[in-house]
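Look for chain A in each of the two complexes below; its partner is chain B in the first and chain C in the second.
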Partner chain A sequence: MADKFLKRENLGRLIDSVRNGGARFVAPAIDARQAVYRAISGADEVTWDYILPRNSFKDYLFPQTEVVAEYSIGEGGVEIRGRELSPKDTVVFGSRPCEAASLASLRSVFTWDSVDEFYTAREDKTTVVTVACTNGDEACFCTTVGLSPESVAGSDVMLRETADGDFSVTAITGRGRGFLSAHSAAFEDSGSGSAQKPLFVPEKIEGVDISRIKERLARKEHYDDPVWAGLTRKCIGCGACTFVCPTCHCFDIIDEGTAFEGERRKNWDACQFDSFTLHASGHNPRDAQFKRWRNRFMCKFNFYPNKFNSRGCVGCGRCIRVCPVRLDITEVMEEMSR
Partner chain B sequence: MENAVREKAKGLLTSGEVKVVIGWGWNRNGTRTTPVFITRPEDAGRLVWNPLCVNNLSVYLTRKFKDIQALGRPAIVAKGCDIKNIAVLVSEAQVKREDVYIIGVTCDGVVYRQELWKGELTPNIMPTKCHNCDVRNPHIADCVIGDRSGFVPPEAPAGMVFDRIKALDAKESAQRWEFWIKEFSRCVKCYACRQVCSLCYCERCITEKNMPQWIETSAHPRGNLSWNLTRAMHLAGRCTFCGECERACPVNIPLNLVNQKLITVVKDAFDYRSGYDASAHPPMIVFSPEDKENFIK
Partner chain C sequence: MNNLYLPHLATIEDIYEEAPDVRSFRLVFKDERLRDTFDFKAGQFALYSAFGLGESTFCIASPPTRKGYVQCTFRRTGRVTGGLAEMSIGDVIGFRGPYGNHFPVDDWKGRNMVFIAGGIGLPPVRSLIWNVLDRREDFGNITIVYGARTAADLVYKNELKHWAGMGDVRVVETVDPGGETPDWKGKIGFVPTVLEEAAPSSKDAVAVTCGPPIMIKFVINALGKLGFADGSIYTTLENRMKCGIGKCGRCNVGDIYICKEGPVYTAAEVKRMYNDF
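The block that comes next holds the complex of A and B.
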C-alpha cells in the first residue's frame, strides 16, 4: 500500500522543497543526446524518457576526480593539508532498482579494511528515490542476477508509475519516511485510483546460473581455461564498462602540481587498462587483455560475493550498451555457467 | 555475398594460408554485430556481412593485440574505409602487407551506430564518411567480394560533419574555444577513443608516461583538454576519418569534427590524404622542399 502519491506536475514543487532545504537534487536530464544524472534546478530539466541514465549515480558518491589533500613545500618543510569533507545533502531522483542495489556493494568495499569517508560521508547524506521500471531494452538483465524492476534494496523511497502518468510513493527506509514528511507539501495523501502501469520485466537468461558461475570460479583450474581468451579476445581494453558500472570502484591516487605545491587526487581507475597492474619492475601479471577481463568477471562473481557477501553485478546492462565491440557480459556468464 | 565471405574464409583456413580470419559475427540475440576470430574452417559460418558491420577491425592487426598476433597469419574482412587504416599501418611499418590477407568487401554504407538500425539502411542513419565514400570498391585487397558499387561521391564533400565544421569555423575563436571546452568537459578518460583506434598503436601512450606526467590523468577540464588535443595532434595527417573514436565515445564527444578538420588542414597544406597509398609516408614525418609552409607568417 502506497504511503503517498506524487503528481507528475508537482515534481517542480518537490525539487523546490528539496533545494530550499539546502540539498542537491540529482535527476536524469538530457545532455549531448543522452540521459545523464545531474544536479538540476527545475522540473523542466528532468527527462522521463530514459531506461537508465548513461552514468551511474555513483558519480555523486565517488566522484571521477576529487582532491583529497594539498601539499606545499617551503623553507619550513613539507606541509600537507587534508581536505575536510562536508558533503551536501543529496537527493537522487529517478534511480532504477538495479542501480540502487549497488549501494550496499560499494559500501562493502569502501568500509572493508578501513572506512573511506570520502565515500561513506556522501552516502550517509544521500536519499535515493527510485522509479520502478516500465521501460527497458535487451541489455537489461536484472532478473538474471536475482533482482527485479521493483526490487527495493538500496532505495529510500520507491515510486510506481500509474497509467495516468502519476506515481504511487512508498517509503522503504527511515530516511525515506523522513524525506516524505520533510517534503509533504509536494505529495498527495490519495491518488486518482488509476491502475499501475505494467513493469518492464527482462526475460531471465535461461543459460545463466549464478551459483554455478560461483562454483566454477572457485575452482582454480578455470584460470587457465582457454575459454577466457576465446570469449574476450575482442576486448579493446578501454575503461568504458567500468566507468559506467555502478559497482566498479577502483581508483588511483595521483599528485598534480609543481614541485613546490599541488594537490593529491583520487581518480577513477579501471582494471581494463593495461597499466592497472603494471609493476615498477616492468612485469605485468595481467599482461593480456583476456586476463584483465577475467579479473573483472572474477571481481563481480567471485570476489564481491565471497569476500564481501555482496552483489558484484546488478544487471543494469550499462556495460553491454556502452561497449564499442559489444562484448556482452551475459554471454560470458552463460559460458561460465556450463 | 555473406556466403562468399564464409566460403573464402573457409578456404583460407583449410589450406592453412591463414590461421585466423578476423571478421564480424552476430551477438547471441542476432541484434548486433561484434568482432569474431575464426580459427577453424567449420566455424566460418559464423561470419556475417551487413550494414551493422561498423567496427573497423584493423585495430586487431596492431601490436596492442599480441595474443591475436600469436594465433598466426591473419585474414581480415574489411570495408574500403577499414582498408585505409591498414594502408596507414603498412606505411608506418606496423604491419607488412604480405603478412595479412585482406578480404575486401564492397559496401553500400553502414549505420552510424548499431542502435539506430531499424531493418533498413537509410541515408539518415549513415555516417558522413559513407555519403562521401570513394572506396566502396576496396582499393587494396587480396580478393574483393561483392558486386561492384557504382556510387560516385559528391565532388565537394558534404554532410553533417562538414556542415558543423563550417558553422564552427564561422564563429569567433573565443566561441570555438568555449564550444570545445564544453564538449571535452564530458570526457571521462575511459580512453575508448584511443583503444578502438587502429592508429593509436603505441604500447605506452603519452598519457601513461608519468615521470613527468605530461598529460594530467584527472578528468577535470584541464586534463580533458590536454588529452583530447594531444590525441588529435598525434593523428594529424594519419587519421582516415573512419569514425571509430566518435562511435566508441560513451559521452558523445563529436570527435569526427576534430578529425575531419585536421584532415582538411592537412589536405590544404600538404595535398595529402592518408589511407590511399600504403607506400606513401604521412606528411608529419617527412620533410619535403615542396611543402607550402604558408602557416609561417
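The block that comes next holds the complex of A and C.
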C-alpha cells in the first residue's frame, strides 16, 4: 500500500522543498544527448526518458577525485592537514533498484576492518529515491543476479509509475519516512486511482547460474583454464566498465601540487589498467589483459560475496552498454556457469 | 573525523647508502608522544610519502625491540622513491602505518631460525633478524642465507659482517653468476641452489624468506627438499599497494588481500593461493 502520491507536475515543488532545506537534489538530466546523474536546480532539467543514467550515482558517495589531505612546505617546515568532510544532505532521485542495491556493496568494502569516513559520511547523508523500472533494454539483467525492477534494497523511498504518469510513493526506511514528512507539501495523500504501469522485467538469462559461478570460481583450477584468455581476448583495457560500475571501488592515492603546497587525493583507478598491479621491480602479477579481466570477474562473483558478504554485480548492464568492443559480462557468466 | 589517509610526519635523522640506488632512512616522528607510543611487530609495513610526489609502500626494516625510531630501506625506481632518494637529513616525510600482520615471533621460542633473502628482500627479514638477536636467549641456531645480483647490490653490508662476526650466527652470502668481484669471498650461485648446498637442518627450525616472487617460489621448493614442513616456512609477499588497509583493491591474490591478511604467510598458505603473485 502506497504511503503517498507524487504528481509529476509537482516534482518542481519537491525539488524546491529539498533545496530550500539546504540539500542537494541529484537526478537524471540530459548531457551530451545522454542521461546522467547531475545536481539540478529545477524540474525542467530532469529527464524522464532514461533506462539508467550513463554514470552511477556512486559519483556522489565516492567521487571520481577527492582531496583527503593538504600539505604545505615552507619556512616553518612541513605541515599536513586532513580534509574535514562535512557532506551536504543529498537526495538521489530517479535511482533504479539495481543501482540502489549496490550501496550495501560499496559500504561493505569501505567499512570492513577500518571505516573510510570519506565514503560513510556521504552515504549517511544520502536519501535514495528509486523509481521502479517501466523501461529497460537488452543489457538489463537484474533478474539473473537475483534482483528485480521493484527490489527495495538500498532505497529509502520507492516510486511506482501509474498509467497516467504520476507515482505512488512508499517509504522503505526510517530515512525515507522522514523524507516524506519533511517534504509533505510536495506529496498527495491519495492518487487518482489509476492503475500502475507494468514493470519492465528483463528475462532471466538461461544458462546463467550464480551459485554455479561461485562454485567454479572457488575452485583454484579455473585460473589456468584457457577459457579466460579466449573469452576476454578482445578487451582493450580501457577501464570504462569499471568507471560506470556501481560496485567498482578501486582507487589510487596521489599527490597533486608543487614542492611547496598541494593536495593528496583519492582518485578512481581501474583493475583493467596494465600499471595497476605493476611492481617497482617490473614484475606484474597481472601481466596480461585476460588476467585483469579475470580479476574483475572474480571480484564481482567471488571476492564481494565471499569476503565482503555482499553482491558484486547488480545486473545494471552499464558495462555492457559502454564496452567499446562489446565484451558482454553475461556471456562470461554463461561460460562460467558450465 | 577519523581520516584513514592522514600520515604522521617523520624527520629523516640519518641516511645510509646501502647499495647503488638503495638507501635507508632512520626516521623519528615529529610528534614526540608518538615516538614513545609507536609500536609495531616485525613483518609489518607502512606507506612513506614524499609530499608532492605521493606514497610508496615498504616494510619497516628496524626491529620492534629498538624504540624511538623506525628505519626503512628502499630502492630508487619511480616517482616517489626518486623523490625520497633526493631528500637530505633533516627533511620531513609522511608515514602511514604500521599495517598488515606480522611474523609470529613469540610462537618460535626455542626454535632454530633460518633466514633466506634475495636483493631488496632483506629489509623485512632484517627487522626480524634483529628482533631475534635482541632476544638471543629465546632462539637456537641462526642461519642467514642472503644473495643479490652482484656484490655491490647486497644491502646492509656492514651488518652482514657484524652478524658473521658474532660467532653464533652462520651467514652465507652469495651473488648471481657474473655478479662477483675479483675479491669476492662468498658463494656464486642463485639463492635457492646455495640454500640447498648450505643445507641448514630443518630439525626444530623455522625458515623465513623474502625476495623476488620467483625466488620465493624456488626457495620454498628447496626448503621442502631440506625437510622443512610448509607450516614452518614463512614468507612476506609485497604486492603493489596504495591504501594499505584493504580498500583500494590492487594487492589481492585471488580473494586474499596482502595488506590485510598478509603480508606474512606460511608456505602452506601460499600454496593454497591462486597463482597470481
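We adopt the following convention: the second predicted complex is superposed on the first by the 338 of 338 C-alpha atoms of A that agree within 3 Å, B and C clash if a C-alpha of one lies under 4 Å from a C-alpha of the other, contacts with A are read in each partner's own complex, and residues count from 1 in each chain.
Throughout what follows, contacts are C-beta pairs under 8 Å (C-beta built on N, C-alpha and C of every residue); 3 or more make two chains touch, one makes a residue touch a chain.
Only a predicted model underlies this, so the values are computations on that prediction, with no experimental measurement involved.
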item: First, second, both or neither for A:D113, with chain B first and chain C second; value: second
item: Which superposed partner A:K197 touches (first chain B, second chain C, both, neither); value: neither
item: Touch count on chain A, higher of chain B and chain C; value: C
item: Chain B versus chain C as contact partner of A:D252, first or second or both or neither; value: both
item: Chain B versus chain C as contact partner of A:R19, first or second or both or neither; value: neither
item: Shared contact residues on chain A - chain B and chain C; value: 252, 254
item: Complex interface listing, chain A residues touching chain B; value: 31-34, 54, 64-65, 138, 229, 233-234, 236-240, 242-244, 252, 254, 256, 265, 267-268, 270, 273, 275, 288-290, 322, 324-328, 330-331, 334
item: Touching residues on chain A, where the partner in the complex is chain C; value: 68-69, 71, 73, 77-78, 80, 82-85, 109-110, 112-118, 121, 220, 223-224, 249-255, 257-259, 262, 264, 266, 269, 271, 276-281, 283, 285-286, 291, 295, 298-299, 302-303, 306-307
item: Contacting residues of chain C [partner chain A, same complex]; value: 1-7, 9, 49, 51-56, 75, 77-78, 81, 92, 94, 212-213, 239-240, 242-243, 245-255, 257, 260, 272, 274-277
item: Residue ranges of chain B touching chain A (in the complex, touch as defined); value: 27-29, 31-37, 55, 59-60, 64-68, 114, 183, 186, 188-192, 194-196, 208, 210, 213, 216-220, 223, 244, 247-248, 250-253
